[in-house]
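In order of appearance the chains are A, B, C and D, and numbering begins at 1 in each one.
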């Protein structure tokens, strides 16, 4: 089974790139399951809304994952409980957190759990991602055939130690949040596919998708600055394609996907 | 010479308390110089505007200091350069930072420098407060008779080490930012008056001036929450009165001021 | 019932002050229960050992609480499970955390739970203190007559919101960790006694108990510096005395205790 | 002119990999200048010492850069001022910081400045890297032909905005510190070669070079854990080769270098 994963979609250029390239990637790679991180998919780069959600699903996604910006556009509270295809981080605290931290998808008679998890180092103090994923994975082992985790975290250390913690227990873990693709895609010793960060789908000209002018003003002055999504210039598509053994919880390969003005898509 | 200092004024209850009690405190303590921290003085608790600035000055302040919220209400950029009585933290970086980091006030023929300085531990990475105050104090020693520093910082360690660093070189250093008055007012070994935090002037019922309902929602869910100033209940006035020797850069005493429903003003 | 609480004991001067003043405070205030925070009680200011533990207990403590430095002296693992009088923060994660997060003490036929809890803002990402204390307090309500919480946390906001969250459900919450006593001791609206920080018991001359020379070197250079406990100069004792109604979970009063060269003990 | 840069060397496996592969890389790529980040090069993964310094230089490095761990092995204070080939971050504060923040190397009659710079987001509050590099680059423009910057920083945002800030003013900027190579090597619009992180040279089996058992213990328990360098398993070499135009301050290309058990060297 093949899983296509694309990292954080940012703003209008991000959704445009998804609409243009997701159908082509699906045609060429023929994934049975397509997952897209949409935590920055609104036009202003924070959170998601119904229209953008529908746009990414219509382009070919089966599941959309989120991250620390999950709740930044309040419209999400209106529709997150209507669908099982929009997954927010598992480990937000509190009673009655809207939405779900994972979903189970039927793929050709196989069940695949797609989990969204969030880190804590240099991020908000939410519930322990290690304990929660440990408990959930144990529970899911009797229910599903494969498990995919989008671990939304800041540091390379938290992502790598999580991947090794889950190695042999899940099919694949891909990191998101830093918006820069890492060059460390590999299958770990016990069979879990891993890369530290998938990278983003968004504007090439800004800083992680946001306008350079805003970001540099903030760094130079430390005064409050409104961050706006870069609306001009080229676009990038970042992610990976994972090949998973159908009968065991192991991956055969994980390959980077990167489309940008410097790396035009070649199929 | 006596200096009256009042900590962070928060929202409408804060400005109301200032208007009610500042005249009474001035009548009773007869300070020659009155300084108020106004970084949270707008009705929404962030930054300052012309109207609130004028209200605090009319109530009897000679200088208003600020802090990390200095720039949170954009109206400040319109009037900070019109007055020398509104002082923002000295160590914000960049060329042409609006306003000034200190001002010099004439008090009965004596010159007093009032400096606003901001810390960095668990705060934004602005310029080095230690080096900047060191250079400024050296420069001011030939120009002024007394120096007062409002050090706006989060941790007790940064505030205490700064006070000891400046001990004997300035008349007084009072901390602000945590909104809770500390019980450690004292004159340090070499003569500088010090207390870790003056406390705030604002609502008694909230959490540091903000509505409890908002703050607890944020702590329990880690989801974004709009923080609103508490508009109901009683008010508090917090600060200190410092007695400084007229001819040398030394303090004779520093006493806490605290007015609240539990501690009604007794003159 | 009266509870005497003393804040973080730091190094040799701290334990010396405890030995000198705890018997006097007990003689004068006649508390039925005495609690001391000992997270910095070793001679080097980090963690606790058998000898120091015994010294503080012999001086008159009934329970010793800890904090983020609980595990900094490895000897604790040898004896924490031998006693029920040494309490570490409730919300450290993991299976089989050594020791206990609370203890129940019999005081004249009444049962008092003493809980140690740790915050997360600007501290390590341990388990949710709000959820854990909520569950524990609910459980304890049928077992004990009074509940005391030492909440070891950095920020005034986390401490104040926690106190309001627990107001009416526990007898008293006192903050520790900043080593500076706050001037906000009060009984909250629903009856819980509270102050943001009890302050420390240790050297007066250093910065929070540590040598000034080390701390200023670190702040000026940002290079690694060995922090040593201040061994010279005077000592301070900080804490509070809480008067609790015997039959209901409410406090009658909470008063600051502060003994220092500037505030000699007057009984 | 070609510059070979290799990222953070970690522990004994790291220095062994350098000794094995640096001569081969130099033979095959024929760089005129070779720079290696050695901030974790001691056997315990923190700082550098004379022996390790000499080992990396003997293997073929022309300059060794450092980072936040620069000062973690005190032996550095004994020899950093003896050599101009060991460069520590430019923006450490304080008077008389040992060593230098940059060095100028003669390469075939051309002068190349090699600068080490450190970020501040989620790192210690040192001097402003933007202002300091801005001033240094302006000064160096009349003295050198090319400028290379190793920007040692945590976040992708600080590294990317710095690269865009310097674009067209320096030949190349390569990030270090996260120990994971990014897949975003490119020449920016105005001619500066850039990649967010070069990756590390060290053990493949640990977490960023350190033993998994230690790191996972820390994440699961939040109790203090001694971090040890991984001494077993394979090794990785990460870096890049940059081709710079000889006469102008522009790069022609930047290519990733990655040698690991999964990516055996193929020349």
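The definition used in the following text is that contacts are C-beta pairs under 8 Å (C-beta built on N, C-alpha and C of every residue); 3 or more make two chains touch, one makes a residue touch a chain.
Given the structure is predicted, the values throughout are model-derived calculations rather than measurements.
Identification of common neighbours of chain B and chain C yields A, D.
For chain pairs A-B and B-D, the one joined by more C-beta pairs in contact is A-B.
Of all residue numbers used where chain A meets chain C, over half belong to both copies. The two sides are thus made of the same residues.
The distance from the centre of chain A to the centre of chain D, each centre being the mean of the chain's C-alpha atoms, comes to 29 Å.
Chain B and chain D have centres, each the mean of its CA atoms, that are 43 Å apart. Looking at chain A, residues 93, 125, 131, 220 sit in touch with two or more other chains.
In the complex of the two chains, the chain C residues touching chain D come out as 71-72, 92-94, 97, 124-126, 220-224. For chain C in complex with chain A, the touching residues are 93, 120-121, 125, 127-128, 131. If you check the complex, the residues on chain D that touch chain A are 122, 130-131, 154-158, 160-161, 164-165, 178-184, 186, 196, 199, 207-208, 212, 215-216, 219-220, 256, 258, 262.
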